[in-house]
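One structure, as structure tokens, below. Some questions next.
A, B, C and D are the chain letters, set down in written order, and residue numbers restart from 1 in every chain.
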Amino acid sequence: MNKTTQRILNNSTLVLFAIVLLTFSILSHHFFSFQNFFNILVQASSLAIIATGMTFVLLTAGIDLSVGSIMFLAGVISGKLVVAGFPLWMACTLVLVIGVLFGLINGAFIFKAKVIPFIVTLATFYVGRGLGLFISETRAVNLPESFLKIGSTKFFGVPAPIIVMTIVIIAGHLVLTKTIFGKHLYAVGHDEVKSRKAGIPVDGLLLKVYIICGFCAALGGLVAIAQLGAISPTFGLQSEFMAIAASVLGGTSLFGGRGSIFPGTLIGVLLIQSIQNGLVMVNADPYLYTVITGGVIFLIVLIDSIRHLQQKKLKRLGIN
Amino acid sequence: MLLELKQIQKSFGEVNVLKGVGFKLDKGELLGLVGENGAGKSTLMNILGGIFPPSSGEMRVNGKNYHPKSPNDALNEGISFIHQELNLFLNLSVAENLFISNYPRKKTMGFSFLNQKQARKKALELLSQVGLSVSPKSPVERLTAAQRQMLEIAKALSASPRIIIFDEPTTSLTRHEAQKLFQLIKKLKQEGIAMIYISHNLDDIMHLADRIAVLRDGELISSGERQNYTIPSMVKDMVGRDMDQFFPHRNTVPLKEFSLEVKNLGAGFIQNMSFSIRKQEILGFYGLVGAGRSEMARLIYGLDPMETGSIIWNGKEITSPNPVQWIKEGVAFLTENRQEEGLMTLQNLEKNIQLAALPSFTRRFNIIDYKEVKKKSKTQADATKTKYHSITDQLVSTLSGGNQQKVVLAKWLLIHPKLFILDEPTKGIDIGAKHEIYVLANSLVECGSSIMLISSEIEELLGLCDRILVVSEGQITKEFEKEEFDRSKILEAALHKAGKEEQKL
Amino acid sequence: MTKLVGLLLVLCSCKDIKDKTTIGISFETLQTEYWVASIDALKASCEEYDLVYLEAVANGDANRQFEQVNNFISRGVDGIVIAPKDAHTIIPIIKAANRAGIPIAIYNRLPAENPGEYVTVVADNYEISLNTVRHLGRLARKKGKKHKAMILIGDLGDMNAINRRNGFNDAVAEFSDIIEVVAEVPTEWNQEKALAGVTNALQANPDINFIFTCSDFLFPSIISALKNADKYHKIGHPDHVILGGFDGDAMAYRMLKEEYLDADGVQDVYFECESAVEALLDRINGKEVDELIVDPGFVIHQGNLEEKSASMWGSKY
Amino acid sequence: MKSFFKGGYGKSSNILIYVCLIYYVLASLLAPGFFTMNNSWNILYNLLPLLVVAIGQTYVMITAGIDLSVTSIIAVCSIAGGYVMSSDTSIFSDPESIFFGILTMLLVGMVIGMVNGISVTKFGMPAFMVTLTTMMLFSGFAIWCTQSQNIYNLPEPFVNMSYSFFLGIPVPVFIGVFVLVLAYFLLNKTLFGEWIYAIGLNCEVAKISGVKVHRTLILVYMFSGFCAAVGAIFYTARLETGSPVMGQNILLDVIGAVVIGGTSLFGGKGKIIWTFFGALFMTLLDNSLNLIGLSFFLIMIVKGAVILAAAMLNTLKEKSLKTTA
């Protein structure tokens, strides 16, 4: 294996991102425009926020399948309240509180009862969606204008969703790289037993991580709702998979301890969103979207695994 | 007196692991702690390091009573414990590892952020103290084993300890690297830090220690100044009997025919390994850890792909070796790593024993003849003198190290091996079990099989083998016939290559 | 073990639960206001006739709906009203009901051709959407300029979605000189898909000025997309986009009143529900009933808003 | 019958049998219409597809893997089989079309399983990620192929399968029992089964001990695909429709059935008979709560809670096992 291929393998997501941008720019003259990049960013904001939270969880070698349900449940409750005449700020706060609560429940089961994250969050995935459907009686909740207004507000010409996304990503990035909490996160993801030996408060950390993820899910949901203007019973379905995919595309390892929010997860999110947007721009068959997105994710995981295999082989033979 | 331990006892359930052990340690002194595995060294050190409390006994640091409840308490009293398995996070940088539990911080806008500037400064100080010239920012996974060991020591130093406990610090180091570690230890000694040094390498103990303590079966057998000890006297204290009774008498001599021939084997840092093994021969491989012995065995057994060379088995070339084929041919491989590569620890004895031989017990449609296989597994478990209450209801994880190793042996004996590759078969098991394993090996050879014995214990090789090959830095450097066996010459040969490199540096 | 089973058999055979006539109501979804209004109206009709009802919602899963109806049969209902997932997955359900000898009325969606026995109550989707779009077409002609049109189509497994699209297409064909269809957005009856589809269609064809949606519940998505493109204006504004919908829900009613919506095809929910329950009762009592009951519906627009709003179900929510 | 149970008669399955029995009695007393002939058939027909798919999942989980793609396998098989059989496409004439249709479904299921298996073994991709992406990929593929349309007009004998009898036994029961016995036999009586456990317990040990790890794993994923395909046959026949969204909602029930049965996600532990009772419990739960009149979303909450409780019990049990050891 020569150096260039190795380098391409190491930066497969970036390479693919470039290829995607180039392809769509050639295929559609609408794609490569300032306006459209703005569009992509706005459309990506919700996913980026959720994926930021997911990255925290993945870094500890955990997983949170319940984010889609959190989005939905929080959205439904706040929507119902707003429709019933509660003030907007109260509803928004409540959304975030619900997100935190759900994270707390996930975290508690994981670190208190020691049930593995996959099962805990799979269960809360169904409980959350069930509760949401129960409260909404499986009906769509139409939100008042005021909600939509938040989504389309602009500060200095920048739409609110982009601003929220930027804040979340910067905050997440700072926490990961500049605080002891972030460092402990990587340590726990690498080896929980060693972390305990090193005196890291592992349990509290796991709890915090799931709370962060729940909070981000709720916030991401809010951003999405503010753009949609309505919450249908399918709202948030498969969001958890897209968030996991975005993190993994951005180089976060499912085995924990490796990954970053900036640039990692952000690039993953932008890649997914660019593909979706580009497919529309070239007027592709809408049913093809999932196939292509799924294919791209498969490809990246494949490349990543092949690289991993090779490194393992080299390491075992003492070359490195 | 800096540290004083009196009558320390520890029992787990009904097993008495420590039966009233005590010793003293003074400033700037290095105590060499030796003993067979299971003698209670680690338990004693874990008590000292605050990992668990003693059942009874007294500990004093600087004359004050000392009752650590956690590793942190020990650290606060100035006792640092460097475990055999390093507690490093490979995905983090050098500086982050150094300060994982106590990172310098600064306040910005009410938030507590890492103070990277200060961390870097402190890290460079610590690194220079241990003579490690790496950037604080470089990720630990890029460091060599020796650098990691040094980093762990730097980490211990960051808490400015008065006592450092080393548990087998040289197992993953080359000779040259170990020498550097020894220089550092001597330097620390001069600075007044007391140390407890646990090692199986008695040469190192003789080289470093001021005083020596020997443990056997939870009791302090002897302790005293280094001058009072020689290596054979230490061994005698450790083992409790003389070496020559310990190995079974070899009655057979190797036959003329070859069983396995390896020519020019190479992959990675393994280069040009050629040797052959005769029927009824025990061929020993000696070398330091990391010399390439296990890697060679893995290549032969097809666990890693070989790049060059050929393997001839009973006159027939094996082009792409793999475990499936070897098992068919009757070649067994007991790996060095019992827990990870030898046993399904959460499975019962029977299933473990039958695993490798299963294909030979299948009838039509791959249906297994359970009656037969159950009978044979039981016979084999008893033949290896494994101690168990139930072969079907007991998990292997509940067995002692020695019995676990016997289960692995039973598994391989069930395929009736014509060649048995044993990689450190007696690592970490008690003396009785060791002896039984030697007897088993001998009787296997008497039945016409051959054995490749890889070991770091020279005594073991001297006692059992017909021939010893010395491996160093991925190559076979020297061959000793039985009549030329000589402890110091073999050791010298193993160090030889490393020594040459040292001169170059 | 056998004794236990025997005991159970004895225990349960003496159980009997029946005095009032019981109806099972199974809905594929309650996602849109239309279905919500329907189930409410059905329940009201049941109460009117002093019937007990059981309800079940399948949330878009045909398999779940099948199991739910089987459960109705197990519980021994006397009749079933069902709003099916689509035209074909209803067939095994009809078969199961027929096998159990329980009358079944299909609400609002026409099943594909099959030999089973059932009553269908359905709106004349084709006619209503044809008339609605014709009205929109006349508005467009009045404006005089050329129009670029977009239609939001539903789940094509649903006969209603197909008929509404056909109605739209045939009506637009009559105005082919001034209306050109530039975008067909498949929504699968899903708001998020609709939002993405409309946003992107507007990005690709910024001059769209004629939109028809096959269901009113997609309006929030359309409005959101239009607002982002700065194209959501009242009737009379030079940049007003001609809007038409189908169903007659509350959102549409509000938009009509606030003069954003030009015309809406309305299904007469009350008529449909009343007819379904009546037909079912007749069947239970052994009377002959028409196999197909058609709700003619009507078009509501700015011109007849006052007069028709009372019969538009959306005005009551 | 007795000997059939003997192999899987572990302690936890004991409890589960009693739980199922007690629940059955309670439901008979409390849920109207539960203890009727008609409902017993309902339970059986709802149990069969779930059981079959859960059996495949059990195999995968014993190897310490997971197969999230079963739902998309069901969807793809459903449309592929539907396409081959439907009189709209009329590829084959009537009697053969059923044979070829079923064959296609089984083949498609196994091919997708093989893709999963190869990705997991040869490329070393984590099973969770592989099956997650193949789930997205293939369910997207199914929807794209059909443009989200269902496939209708399947041959009469096929759709009537659920109500036809073979040797006096309903055909679906026949198929279900066949898969159950086959799975039990393979896992408990053959080399293949022993190897599956060995891989789940310790893949490295298995490899060194001469287990053909790659081949076994690929076969395991193919078997899971096969089971999902059989599930697809049940669902397709019963809805008389080849649907690209078939089976979308059963992932919870499948994983729930396996986990309640006590199969460990860490691998090496699990029995077919446990899964049988796990699936039975899920079905009883679903059916009885439905009859009481709970809406599906409330049932969803209950199921989620039950799975969480079961997982907690398992963890507790494992912990106590470790401390006593």
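Everything below uses one rule, namely that a residue touches a chain if its C-beta (ideal position, glycine included) is under 8 Å from a C-beta of that chain, and two chains touch if they have at least 3 such contacts.
Values in this document were obtained by computation on a predicted structure and should not be read as measured data.
Trainee: Name, by label, each chain that touches both members of the pair chain A and chain D.
Mentor: Common neighbours, chain A/chain D: B, C.
Trainee: Sort the chain pairs by how many C-beta pairs are in contact and tell me the top one.
Mentor: By number of C-beta pairs in contact, the leading chain pair is A-D.
Trainee: How big is the gap, in whole Å, between where the Cα atoms of chain B centre and where those of chain C centre?
Mentor: So the centre of chain B lies 74 Å away from the centre of chain C.
Trainee: What whole-number Å value describes the gap between the mean CA coordinates of chain A and chain B?
Mentor: Chain centres of chain A and chain B, defined by C-alpha means, are spaced 44 Å apart.
Trainee: In whole angstrom, what separates the CA-based centres of chain C and chain D?
Mentor: Centre-to-centre distance between chain C and chain D: 35 Å.
Trainee: Return the residues of chain D touching two or more other chains; collapse runs of consecutive numbers into ranges.
Mentor: In chain D, the residues touching two or more other chains are 147-148, 295-297.
Trainee: Touching two or more other chains, which residues of chain C qualify?
Mentor: Those would be 57, 59, 186.
Trainee: With touch defined as at the top, which chains are paired up in contact here?
Mentor: According to the stated criterion, the contacting chain pairs are A-B, A-C, A-D, B-D, C-D.
Trainee: Under the stated contact criterion, what part of chain D meets chain A in this complex?
Mentor: Residue positions touching the partner: 66, 119, 123-126, 128-130, 132-141, 143-144, 147-148, 252, 255, 259, 265, 295-301, 303-305, 307-308, 311-312, 315, 319.
Trainee: Could you list, by residue number, the parts of chain A that touch chain B in their complex?
Mentor: 174, 178-180, 183-184, 186-187, 189-191, 194-195, 197-200, 257-258, 313-314, 316-319
Trainee: In the complex, go through chain D and note every residue touching chain B.
Mentor: Those residues of chain D that touch chain B are 189-192, 194-195, 197-198, 201-202, 204-212, 268-269, 325.
Trainee: Residues of chain C touching chain D in their complex?
Mentor: 4, 8, 11-12, 15, 17, 54, 56-59, 61-64, 66-68, 70-71, 73-76, 86, 88-89, 91-92, 100, 112, 155-157, 186, 188
Trainee: In the complex, go through chain D and note every residue touching chain C.
Mentor: Per the touch definition, chain D meets chain C at residues 21, 24-25, 28-29, 32-36, 38-39, 42, 45-46, 147-150, 152, 159, 235, 238-241, 243, 246-249, 286-287, 290-291, 293, 295-297.
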